[in-house]
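Mind having a look at this structure? Questions to follow.
Lettered A, B and C in written order, each chain numbered from 1.
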Amino acid sequence: MTLSVTPLVASAIAAAIPLLIAALGELVTERAGLLNLGLEGMMLMGALAAFVAITHGASLPWALLAGMLAGAAGALVFGFLTITLQASQVATGLSLTILGAGISSFLGRDYVGYRAPATFETLPIPGLADLPVVGPLFDLNVLGYAALLAVVGVWYFLQRSRLGLHLRSVGESPAVARSLGLRVNRIRYGAVLFGGAMAGMAGTYYALAQLKMWQEGLTSGNGWIALALVVFATWRPGRVAIGALLFGGVTALGLWLQTVGVGVSTFALASLPYLATIVVLVSISADQQALRRHAPAALGKPFFDGD
Amino acid sequence: MMGFELVRRAAPSRRMQVLAPLQAVLLTLMAGLGLFALLGQNPMHAFHEFFIAPLSTANGVSELLLKASPLCLIGLGLAIAYRANVWNIGAEGQMYMGGVFATGLAIHFQESWGAFLLPAMIVAGMAGGMLWASLTALCRARFHASEILVSLMLTYVANLVVKYLVFGPWQDPQANNFPLTVEFQDNALFPLLAALGWEWFEGTRLNLSIVITLVAIPLAWFFCQRTFAGFQLAVAGVAPAAARYAGFSASRAIWMAMLASGGAAGLAGVSEVAGPIGQLNDRWTPEYGFTAIIVATLARLNPLAVPVAALLMALLYLGGESVQIGLQLPKSISQVFQGLLLMFLLGSEVLVRFRLRRRHPTAHAAPSASVSVATAAGEKAA
Amino acid sequence: MKRSTFLGATVASLALATLGLGAASAAEPLKAAFVYVGPVGDGGWTYAHDLGRKAMEKALGGKVVSTIVENVPESGDAERVIRDLAAKGNKLIFTTSFGYMDSTLKVAKSFPKVEFYHATGFKSAPNVTIYNSRMYEPAYLAGIIAGHMSKSGKLGVVASFPIPEVVRNINAYTMGARTVNPAITTKVVWVSTWYDPTKERQAAEALIGQGVDVLIQNTDSSAPLQAAQDKGVYAFGWDSDMTAYGPKAHLASAIEIWGGYYTKAAEAAVAGKPLKQTVWGGIKEGMNDLVSINPIVPEAARKQVADKRAEIAAGKLVFTGPIKGQDGSMKVAAGKSLTDKEVDSINWYVEGVEGQLPGQK
């Protein structure tokens, strides 16, 4: 039985990048106290927008912008309903998933069957990309590098910047934050829009870097996995990256084990990533104090600015 | 909304509870009519095709009930769980396991158990759903793991369990190696209402499993409104601190919430495999477990509103098929439509708890006090 | 417009009257309906069927109008949709996924005058006709090219589920390759889904990591082909022509062509003599083919493919002995062939395929 580690790591990273991008956005949204379950819908809208832009002659940066704007547009609807109109966050997020899937599939039907004229290709960093095990980290496309930078960026923003601090306090207790003079709703809108733009970027990754075409439902449920990763990571950016990598890695491992002829049911192997997530989750959560320290206390709870 | 602001009402408006859904439907209709017009359809005709045509025959009505019944059943269970603030989103997986347990009996005791088979399958299906839900309850109550996540992950696993069984040990040897079990015999199937002498349902697929749903509705209502356990659950959901103070066990609430919702989902699983499907295969569910989350939330966790929400979701589904067949509109239109209706409904609900007031020019004069905020949040920094 | 009366009938007639749609035209076109398991925009299985439907409509001018219902789950919903289509006056109904088999049969019983066509199933009835595509024929031809192109002697398959359809494609692909190089082996990775680009790509990467240098997939996305393109190995397109998605890696595409069959079925129905024969068509019937062979494929390989293709088109069966099983035992003796029934329920690997077939002892 031979399993070479480096290609396995490369495979895990490639699968992890879009999960990481979407989950980082959701993390910021949740840190501001809002649970947006509409990731999948926003990702699909972003994917289609980016693909449409590129087929109509836009350059890659503009296509990315289109994707991010489409994701943010979905997030704006979510924000308006939950922040301004006080609607249930869970229900609104689920509805956004339905709406996003519906709109993208409806508007996208004329774009099926074509290859994207321009795509995000890998840009290996000479020297580093050939290192064993960690080499694949230096053999990513622009979006991949951006995702890695975003991990640091989001961490710095939340933990070191003043605005990040405000955002966290809004997620802890909007009432207190408001009594201290913060514009709670404005900060929440900002967080939601950021989450949407990141979801749109993740969608762009699927359309223009991974699949390089548009197909309905091309995110194949990964929005839900990204949502899971945020809780899994106890709302910490570094752990999102580890979680995304683990998830991508365990999925890859299940497939790799098949190639070396392990006599285990393929269905059992396919369930590995999900079982592993549960096991890790249970072991993380058993430490209640750590969890309480990190979960935004006001997550999912409506806050009315007018009281 | 410019120039207006929301003011919280002292008590939820009863009038708006009725008017808000109407407003949402009206808004959706307007959006829908606009959308149909944009697509070059006669809006009134399209509207008719979407909302009226599916209900214009006895068969249509029975199909609506057949589709709404499992949605309602799962929705009731979820409403109970969500009242306790236990976010079980893995009802889909619990439903799979209900189907699996019932199928286990159906294919192994087809001959020997006679008339007892179906009742036993119902019990087994409920137990299967509860068992699967109890895994989540255990992770949450004992290890504090997020039930949202665990129940979702277990749904993927349940799906693979079904696949393992129908591709392996439970595969019908006559099925040419396709993933199917044997077809259930009559004693493992819910009898059709038509066969029980309900002439109006002649030729339709509506079966006796709907009785389970009809019984579950008042039961769920009674549990929530009239029992101490229901009260405990609601307190645990709304005010966990108060619940602790009153000595209600948090983990008991989790267990009750998960078992109730898992059991209901399991029953829905039985009603599918022993109803319209009549066997187990690898892709027998149209995601009732996920749609029921929307049903429960739309009903605002009120057991008496759950059936209405379930019927609405079922109608949106049938309407989508109807406009595709009748008007050649892509099915994604109905998805867009569903999304819009849900959004409008959620947005309109604001008027139940709030009223609109003309904005006073000096509403928010926000002083800046970020230093003290900094200390408040700083304590939580990692 | 036949609609049983309940509360909507009056409204319906009113609406129709105002629209002026009530009057029927003189020569009513034949109504045909298609039930799809995915969205038309899936770019794979359903997309191919819809291309076929469009070709049929075009070929028959105004003589046939067709209706589609997409995204129909293979659950209790299928029966309702099929019944509804039959009740609305469709005379030809094509149900295009295996999971519709029992629903199609149930509805067919209540509508003896409607002709039903079910793709990929194994149960028929007087008015239910089965049709399927022998995709293992182009898979075999692809195997020949793979045998010529592989340097490592290792081929890979990204597979969905261990149903006979997929198993026989794996077998044919391997057999084709072993006519070129009898030492060649095939590794299979089961992704347990029909469509999940991420997983399909990871499966392809896993195979490439094990030294596989020519891939084929039996799933619905082009992800394995793109993985091959990125890693500098070869792969094939499946279901539709995928040249554009990995021009360097793409050796050829095994494609489904449903238009011819749909046209024939509709023509026969218009003529009042509906097709009743089970059709399991392949290259000979024009229901599939291997197309867009990459110019880098050597002349010898092209010639062998062309010769074999001609043989198949002339009626030679792919699964003709001698065929050895995975363990080397003789499964089909020289001069014998597997019957269609055997091919349609095949649950064993041929010699050269590695690993254990899931669900088998």
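Miscellaneous remarks
Heads up, the rule we're going with is that a contact is a pair of C-beta atoms (placed from the backbone, for glycine too) under 8 Å apart; a residue touches a chain by one contact, two chains touch by 3 or more.
Since this is a predicted model, take the numbers as computed values, not measurements.
With centres computed as the average of Cα coordinates, no chain lies farther from subunit A than C. Summed over C-beta pairs in contact, the chain pair with the top total is A-B.
Once the centre of each chain is set as its mean CA position, subunit A and subunit C turn out to be 35 Å apart.
Annotation: 26 Å between the Cα-based centres of subunit A and subunit B.
Residue positions of subunit A with contacts to 2 or more other chains are 105, 109, 265, 267, 270. Shown for subunit B are the residues in touch with two or more other chains, namely 160, 163, 167-168, 330, 332. Residue positions of subunit C with contacts to 2 or more other chains are 39-40, 162, 192, 358.
Chain contact summary for the complex, subunit A toward subunit C: residues 2-4, 7-8, 10-11, 14-15, 105, 108-109, 112-115, 122, 206, 210-218, 220-222, 248, 251-252, 255-256, 258-261, 263, 265-267, 270.
Partner subunit C is touched in their complex by these residues of subunit B: 42, 44-45, 48, 52-53, 55-61, 63, 66-67, 160, 163, 167-168, 171, 176-179, 183, 203, 205, 272, 275-279, 281-287, 318, 321-322, 324-326, 328, 330-332. Listing the residues of subunit C that touch subunit A in their complex gives 38-44, 47, 156, 162, 187-193, 195-199, 201-203, 205-210, 221-223, 226, 230, 240, 244-245, 354-356, 358. The residues of subunit A lying in touch with subunit B in their complex are 77, 80-81, 84-88, 90-92, 94-96, 98-103, 105-106, 109, 159, 162, 165-166, 168-169, 172-173, 176-177, 180-183, 224, 228, 231-232, 236, 265, 267-268, 270-271, 274-275, 277-278, 281-286, 288, 291, 293-294, 304-307. The touching residues of subunit C, when paired with subunit B in their complex, are 3-9, 11-12, 15-16, 18-19, 21, 33, 39-40, 67-77, 79-81, 83-85, 87-88, 98-99, 102, 110, 122, 161-164, 167, 192, 344-347, 358-359.
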